[in-house]
Every structure is written in structure tokens, then in C-alpha cells.
Amino acid sequence: MAVRSEVVPGAPSFGKLKMRKPGTGRVIGDSRLGRWIRIYIPLLVFILVMLFPFYWMAITSFKSASELFDFSVSPLWVREPTLGWYQHLFTQTNFPRWALNTAVVATISTVISLLCSILAGYSLARLRYRGADSIGWGIFVTYLVPPTLLFLPLTFVIRDLHLFNNLWALILTYPTFLIPFCTWMLMGFFKGIPRELEESALVDGATRLQAMMRIAIPLALPGILAAGLFAFTLSWNEFLYALIFMNDSLVKTIPVGVTQELIKGDEFFWGELMAAALLGSIPVALLYSFFVDYFVAGMTAGAVKG
Amino acid sequence: MGTATRPSPGVAVWRGRRVRIFEREAPLGYLLLGPTLLILGVFLLYPFLFGLYLSLSDSELGSLGKYIGFANFRFAFLTDSVFRTAVVNTFLYTGVTTVFKLGLGLAMALLLNQVFPFQRFARAALLLPYIIPTVLSYEAWRWMFDPTFSVINWLLVNTHLVPYPGPNWLGVPANAMAALIVVNIWRGTPFYGIAFLAGLQTVPVDLYEAARVDGATRWQQFRYITLPSLRPVLLVVLLLSTILTFADFQGPFVLTNGAPYNSTQLLSLWSYQWGIPGGAIGLGAAISLVLFPLLTIVVALVLFLLRRPE
Amino acid sequence: MTDGKQSKAKSGWSRRDFLRTTGVAVATLAFPEIIISCGGGSSTGTPTGKIPQPRKGASIRLLQWSSFVKPADAEFIRQATEWGDANGVTVAVEKVTGDQLQPKTAAAVEANSGPDIIQMQYGWPHLYTDACLDVTNEVNILKGKLGNVDPVNDAFCKVDGVYRAIPYTIVPNAWTYRTDYFQAAGVTSFPTTWDELSAAAAKLKTTGKPISQTDGHAYGDSLTMWNPVLWGFGGKEVNADGKTVAINSKETRDAITWAQGAVKNGLVVHPEWLDPDNNQAYHADRISGTLNGASIYIREKIEFHKYTDVTNNAAMPSGPKGTFAMNLIFNHAVMKWSPDAETAKAMLLHLMDKDQYLKWTTVAAGYNAGPFVAFHSDPVFTADPKLKAFQDVVAPGKWPGWPAQPSKKTSQAQTQYIVADMFAKALANGGTGDADAAVKEAESRLKAIFERP
């Protein structure tokens, strides 16, 4: 408990490290050279390897068609940068529309998943009733169902609900793979909130629902943020359902629109493809650069109490 | 869900009476589960049961077949030689990537747990491979492995690590499998890293201090304090990642689609191959379900280990 | 509940099937010549039914792959929309990539709803027979105007004597090569036999720009290369009965021996190549020749202008057992769930109208050829003599699984790349793979498919 309370509020995850006494830092840090060998160099190698594909995407997206295939000089740099691919992307394709669709779908399905997971997570972590354990396991175990098995039977459901070619088809199906993880994460958070807080509220005359709304949920906000981040990412990236359920160019999401309309017949259009891939990644990348510590904190709570 | 209408008279009874409160938790508990169970039931359980039926039938696309027992499974195991290759490859793929993701993820977490400038930037940056759309990043990898214009080979050749023209990444069975594995590791490691980082943050600092006072070496601290405290997060991450890697479809489909000559064929690809282009969805469903019993046992085991008294 | 609907739909079908079968039987007794005209034997087949009429206010969705020749796609959409405007019909044309077309089609068939018209690639009408409406009447109308259907489109469209799709187009596959490199290597004209090709590959190896082709899982180029090689040496996957697997033969081994020799000589095969990769390598001046649709040449001609003058095209070389080719074949099916099937049929008839169609092939600049006799004189192939090769490969064209008729089984063998995998395995390590093991594996995989109930 002590650990969690350091991590959750306000300034997540730095808490523990800040608490270290000045003296201990030296033991861990050793000399300046030691820090370079143990921390900076491995870290740089990691960053270099993990981020190289993004660099390559970026550099490709600024190359002209002729430069793309010219390996006689270093391909790692661009000699005559062009914004042509980006321009084409925004004027000749529905890319802005796809981005809007993706944002709408990701946001609403995240909200739905969060609502469901908050209620379910609270119920499973806080309320005592028969079967709670098995239901909790059951929800987690749904990850076992192979997605390639699901999509054909799902088409029946989508057809019967008349949702083909409708963004609601995605908004309603995405929670199936978002809710289990979010529920698990939030269960951890709710378990970490001292029961006494709620119980004293109950004694003071609050209903269970009021106790949940006024005490448990506000305290679990960092976890909710983390779960929301996770859910948003997965729905932003989803491909298979969007491919099957969406037909019009105007209702496509970024992953589907880009692979469908930028890879034509028997030609790749690398410049445009990479430009779109890069732009499609930026929103989630930005989100994470702001909220990464909440994400870590959310995982922590889930891990300890899950 | 029939309890949905009941709580209102109950509210009055709850007030100020703690004993009754706990007796009354069941209806609310089920009520709160309602939305989740509804969504999972309609969009997951129902299609899943339907898929189960398909695997036991001779269904083809567009026509629901009749029940044929385990004939699809018999065909897969006894007659279909590519299926056997796919099983072996799937285990290899999952096993090797998991070991590497574990190791590299741990290393990444230990690094990110240190204090250094731009720490938050480093954390967000290292998470990037995991969070960007898979289809798009795999297209980028395909471009990097491109047989004629591989930037990886350009680097290798120009640093004189290998002679021109460098390895044919996707055209030789062993290389193609290695390429698939490398990209999966690239994509999956950040998730392990962040989860382990979360685990590391739960270790109380005084434990280390006490250990140092007792003269424990750095390795001993790692072995007896760090690793045990990572156990719960390790199990969950391992579980999720193993399941998802077993079923991985998008990436391998973009990168190799089984080529060269099925040496990178995986169960997910093969079930798709029979079910969609081949039209035999009964058989396709059976192939995608082959690992279900095995995975269920593994998961049950892990969940059992995870369970701890509250 | 879905099960109930499904079986109801199914029994509805079998009743309609029955009616149709009876109808055909009665017709056969009364007018035997109709059957002959349906069989593609006669070019004077008279229309047997009424001409479908569009319904004002209808809306039609058509699902197609996106062709690389962008202007051709635009022209197709223009024609469809123009027709829609004239007839008060809303037309939407949806384009997806080749490998995404199949899962989308499968989902539509499974859900029994979706686009009114779907482009059927290769043998799909045999996979999705029940979902495709009978369009025999419309095909006969077209035959009356345009002459016979080309045999490959005919075999793919016709299932058990009933047309399930309206012939649409052929994407001819021929060799595109660099005349300057060929001359430098001392090869004055493109080889006309496989043995000559092997010898030419040896000479071109010395220029550093090899002749290259995929033997991987590329759903166009890999099939259009290795099936004709197999046939040229007399090999076949299965007998004409469509049941007896016949791949394990001396002829198959001859084909493999040739391929291994060619690779040892200098033909470079790439199991990792997908359909775009040889285009890319050619445009980047890495190879001197490859087998492909006309797209390489067209893109050089319209867009890059780098090697246009030194690029030429040639038809398929011959083997000891004759000249064979394989092309990409696309047809349009009207789906059974369409509320406006008559309108959909009327639109397809309009698009296949000779004047309309030739406008489209002109814009496609040689990438597409028409599947009826009347299109054999399409001026697009004579306006530029270098495109003639693409017209020449249409006639020797066959379908995967030939000499058996297309079926579910041949489609499965095709999409599992069994022939290409066999060659790829034998051609591994510079053409020194185990040929015997490759043939036996192909045989066991084919048997698994053809002997499956």
C-alpha cells in the first residue's frame, strides 16, 4: 500500500526515486564513466535500435520517387527533401477523413470500455458475492479466443444489427478486446484503495453507489487514465475488423485506408505510405509522451493487486 | 440482470446498517457487471460459440454445413503436412520471441528505472514500437527488408560487417523466420519493458538498503529482491504476450505470408489460408482452435499461481 | 437465430436451384441449340431472355481491386457514374487492394449482405457459387453482340453450365526486358523457347543485370510464371477429371530440371518477392527482364521516361509440349443479396458495351484486354507495337489446375501456392534443392486437397 500511495497521486513514478537519500545515489551511480557504461551507452543503443524504423519512415517520406531507389549514395539522408507525398496525402486522398474517423472510433470505444471496466472492476474488486472470482477470470481468459476465428461469425452479428459500413460496428466491437485488460488494471487500483474510506462514507449515510462515485472512482483516476491510454492505443491501431466492416472510403480508419488506397495493384508507393504511417503514429506518440508515467503507474497497481 | 429493478427499495435498508450492507452486495455486483457481460456476450461469446460449431462442421463460405465431429481436426493432424509445419513454427516463433522479449524487456526496465536527464522522453520513445499501428510499422519493416533496397543491408555492407549484397532477409527459410522473430521482438519488447518498470517501482527502497547493509552483492540484490518482486507482473505479461503471439496474424501476413515455401507458415496464417481464400471455414476454424485446449491449461496454471490471498 | 435464417436462405436456394435445373432441362429438350450457345461454342448465340432494365432510384455498390493504372480506375468510375446519372441510379465503386478483396468478399458472402457487384478473381465463382446470381442470360446477350467468351474467362465464370459472373477483363502477363542489356550480352531477340531463355539468362548474368522472377507467395506473378513452365514441359497438377492427382510425373521433373538448369545458368529467382517487387527492381535498373503485367512498361512510358526506349515486351517462350501462358482474370458477379439485381446487371451490360469498354482499355493503355472476340482487335495493342506481346499471351492462356476444369479444389491448390512452392523448394540454394522431395511434397499436398471430402 505504501508503495502505491507514492506512485498514484499527482507526480507519478518519480516518487520513489526522489525519496532516495543523497548518499545512496552515489552507490548506484558510481563514477561518471561507470554511469556511461552501465546506463547511457546501453540506453542509446536501445533507443537507436527501437527508433531506427521511425527514422527510416520519416526520411523515406521526404524523398522524391527517384531518390527512393538510389542507393549509390547514402540512403540515410535526403538530398532534396520534398513535401510532395504529404501534399498528395492531404489533397488527393481522404486521409484527413480517415484520421477523423479513427479519432472518433478510438475515443468513443475507449469511453465505453472505460465505463464498463470501471463498473466491472469495482464490482469484482470491491463487492463480495458468489462467482465474482470466476467471472473475473472468465473476462481475462477471453484473450484466448483467436481473432481469426472471431471475425467471420461477427459478420453475422454486425449484419443483424445493420451496422455494416457504420462506425458503430467498430465502436461496439473494439471493447471486446479492450475491456478485459482495462478491467484487470482497474481491479488492481480499486483493491489498493483502503476499504475504510468507503466504509466510513457508508456509515455516514452514503449509498454504495455514492461511495463508489465520490470516493473510489476519484481515487482511481490515475488508473483510469492509464487504462484509457491503453484502450485508445489498441483501438487506434486495430485493422482486421475495420477492414471487414467498413466499405466506403469515407468511413475507413487510418490503418485500413492507408493500406487499401496507398498500395495500388502491383506497385508500392513507399513515400506516401511512410508519410501516412508517420502521421498516423503521431497522435498516440504525443499522448504517451505526456502520460507515460500514468501508464507505468497504472501497470504497477494492476501488477501488485491483480 | 433481473436484479436490476430491485435496488431501490433496498437503498433505505442499507442506510447506517453495516451488517446488512455486505449481505446486499450481490445484486449491485451483478448490476455493475451488466454492461461488460452484455458487450462481451454479444460480440465475443456468441461469435466464439459459433466458431466452435464451425470447427465441428463441414461449413464452407456462404453455406452452413452439417456436424461432422472431429473430422476437421483429424484432417489437420493426419493429412495436412503444412499444418504440422505450422504447429512447429508457431511454437518456435512464440518461444524464441518470448525469451528475447523477457530478457530485453527486463534490461530496458532496469535502464529506465535509473535517474537520468530526459527520462520521460526516453520512456515514451522506447514505447513507440508498441503503440503505433502494426500494419503500418510492418510495412515499414518490409521496406527495410526489401530484397533490392534493404537499408539494413546497406548499413551492414557499408560498415563491412557482411559482403555485398548482404543477407536475403525474406527469401531464405531461416532468415525469413529470423526476420519475423526480430520484428516481433522489436514490437513486443516495450510492453515487457514498461510492465517490468512498473514492477520495479513496487520494490521498497529500504529493502535494498537493508541488503547492502548486510553486504549483499549487486547480483544478490537482483536475484533475491528484484526478481521475486517482479513475479506477479511477470506472470500476467507472460500470459498476455504468449497468447497474443500465438495468435499473431497481421505482422506475419504482411511480411512473409508463409513464404518461402511455407517455411514461415504459422497456425494463424494457415487457418486464414484454408478458411478465407480456400473457402473451407469449418477447417479454418478447427485449425485456429487447435491450440485452445493447450493454452487454456497454461492459462489456468498461471492464474492459479497468480492467485494470492487477499 | 442466425442459423435459422441461414438454413432458410439455403432451402430457398435449393428450391430455386431445382426450378432452374428443371427450366434448363425443359429448355434443352425444346431448344438444343441454346445449350450449345451457352457452352461458348457458337458466336451467334441469340439472347434468350429479356434485357435487364435499371430501376430509377436504385443504388448500386461495386467492389473491385484497385488497378495500378490510376487513370483506368478513374475512367471506370466515370463511366459507371455517368450511366447512373443517366438512369437515376446512385452508383458507388469501392476499390481495395488485391489481397484485401478476398477477406471482404468472404465476409460479404458469409453475412449474406454487402456490395451488389463483386469482382471475382480467378476461380472465385466456383468458391462462392451460391452467392452469385445466374447471369447466363446477360452473358448470352453479350455474346450476341461481342462474340464468344475467351476460354479462361469462360471456365472461371461458368459453374456447372451456369454463368455465375459476367466476363470483365484479362490482365495479360508477358516478359518485359531491356533491349540494351540484351544486346550487350549478345542476345539479339527475346528467347522463344524455355531452353533459349535459360541460355540467355547465362549471358545476361555477365552484365550484372539478371533476368529475375518471383517463386514466392505472390498471387499474380508467381502463378503466371510457374504454371506455364509446368505445362510447357507437359506437367499438370491433376488429370482432366479434376480428381486424380498427377503431379508426380516425368514431365513435372523435366520442368524442374529445366528450372534448376536455368537458375544455375543465371536466372535469379526470389521467393521473397511479391507482385510489386519485380516492378520496383526493374524501374531501379537492377534487372534486365521479368515476367509481369504491362504495368512496368506503362509506368516507364507515362511516368518515368527513363528506360522507355530500351524497354520491350515479349510473349511467353515455348516448352517441348507447346506454348502456355497464364494471365490474371477478373469477372463481375451480381450477388444474390442485391435488392436491385436487374439494375446491377443492366449496369454491367452497359460497361461491357463495345464503345464504353474500348474507351476504358484505351485509358488502361494495354494493362487490360477484353474477354470477348470483338475485343481481339482492340486498337490499343496495335497503336503501340511494343504492346503486341500482351495481346499475344491471351490466346495460349490457361487457368491454374488445367487441364481440369476450375473448381473449389483447384482454387484451393492455387491459393496455397502448391506449384510455386514445389519450384521454390527445388530452386533453393542456387537451383540445387531436392527436386524429388519437392515433387513428393506437392503430391501429398495436392492429394490432401483433392481427396478431402
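For clarity, chains are labelled A, B and C in written order, and residue numbers in each chain start from 1.
Operating definition for what follows: a contact is a pair of C-beta atoms (placed from the backbone, for glycine too) under 8 Å apart; a residue touches a chain by one contact, two chains touch by 3 or more.
Note that this is a predicted model, so its numbers are computed, not measured.
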* Report the chain whose mean Cα position is at the greatest distance from that of chain B. => C
* To do: Please find which chain has its CA centre nearest to the centre of all protein CA atoms in view.
  => B
* Structure fact -> Two candidates, A-C and A-B; the one with more touching C-beta pairs is A-B
* **Whole-Å separation of chain centres (CA-atom averages), chain A against chain C** => 42
* State, to the nearest whole Å, the distance from the C-alpha centre of chain A to the C-alpha centre of chain B. => 15
* Asked: Residue numbers in chain B touching 2 or more other chains?
  -> 50, 149, 275, 281
* **Junction residues of chain C - those touching two or more other chains** => 2, 103, 106, 110, 112, 280, 284
* **Per-residue multi-chain contacts in chain A, two or more chains** => 69, 152, 156, 259, 263, 268
* For chain A, which residues are in contact with chain B within the complex? -> 2-4, 7, 13, 16-17, 19-20, 24-25, 27-28, 35, 39-40, 42-43, 46-47, 49-51, 53-54, 56-57, 60, 68-69, 71, 74-76, 112, 115-117, 119-120, 122-124, 127-130, 132, 135, 137, 139-150, 152-154, 156-157, 172-173, 175-176, 179, 181, 183-184, 191, 199, 202-203, 205, 207-209, 233, 236-237, 239-240, 254-255, 258-259, 263, 268, 270, 273-274, 276-277, 280-281, 284-285, 288-289, 292-293, 295-300, 302-304, 306
* To do: Can you check the complex and tell me which residues of chain A touch chain C?
  => 69, 151-152, 155-156, 158-160, 164, 243-245, 247-249, 259-261, 263-268
* chain A partner contacts - residues on chain B that touch it in the complex -> 11, 14-16, 18, 21-22, 24-26, 28-37, 39-40, 42-44, 46-48, 50-51, 54, 107-108, 111, 113-116, 120-129, 131-137, 139-141, 143-144, 149, 151, 154-155, 158, 186, 189-190, 194-195, 197-199, 201-205, 209, 212, 232-233, 236, 240, 243-244, 246-247, 249-250, 268, 271-272, 275, 281, 284-285, 288-289, 292, 295-296, 299, 303, 306, 310
* Structure fact -> Interface with chain B, chain C side, in the complex: residues 2-3, 6-7, 10, 102-103, 106, 109-110, 112, 127-128, 130-131, 215-217, 270-273, 277, 280-281, 284, 286, 408, 411-412, 415-417, 421, 424-425, 428, 441, 444-445, 448, 452-453
* Contact footprint of chain C on chain B as seen in their complex -> 50, 58, 60-64, 75, 79-82, 145-149, 168-173, 176, 256-262, 273-281
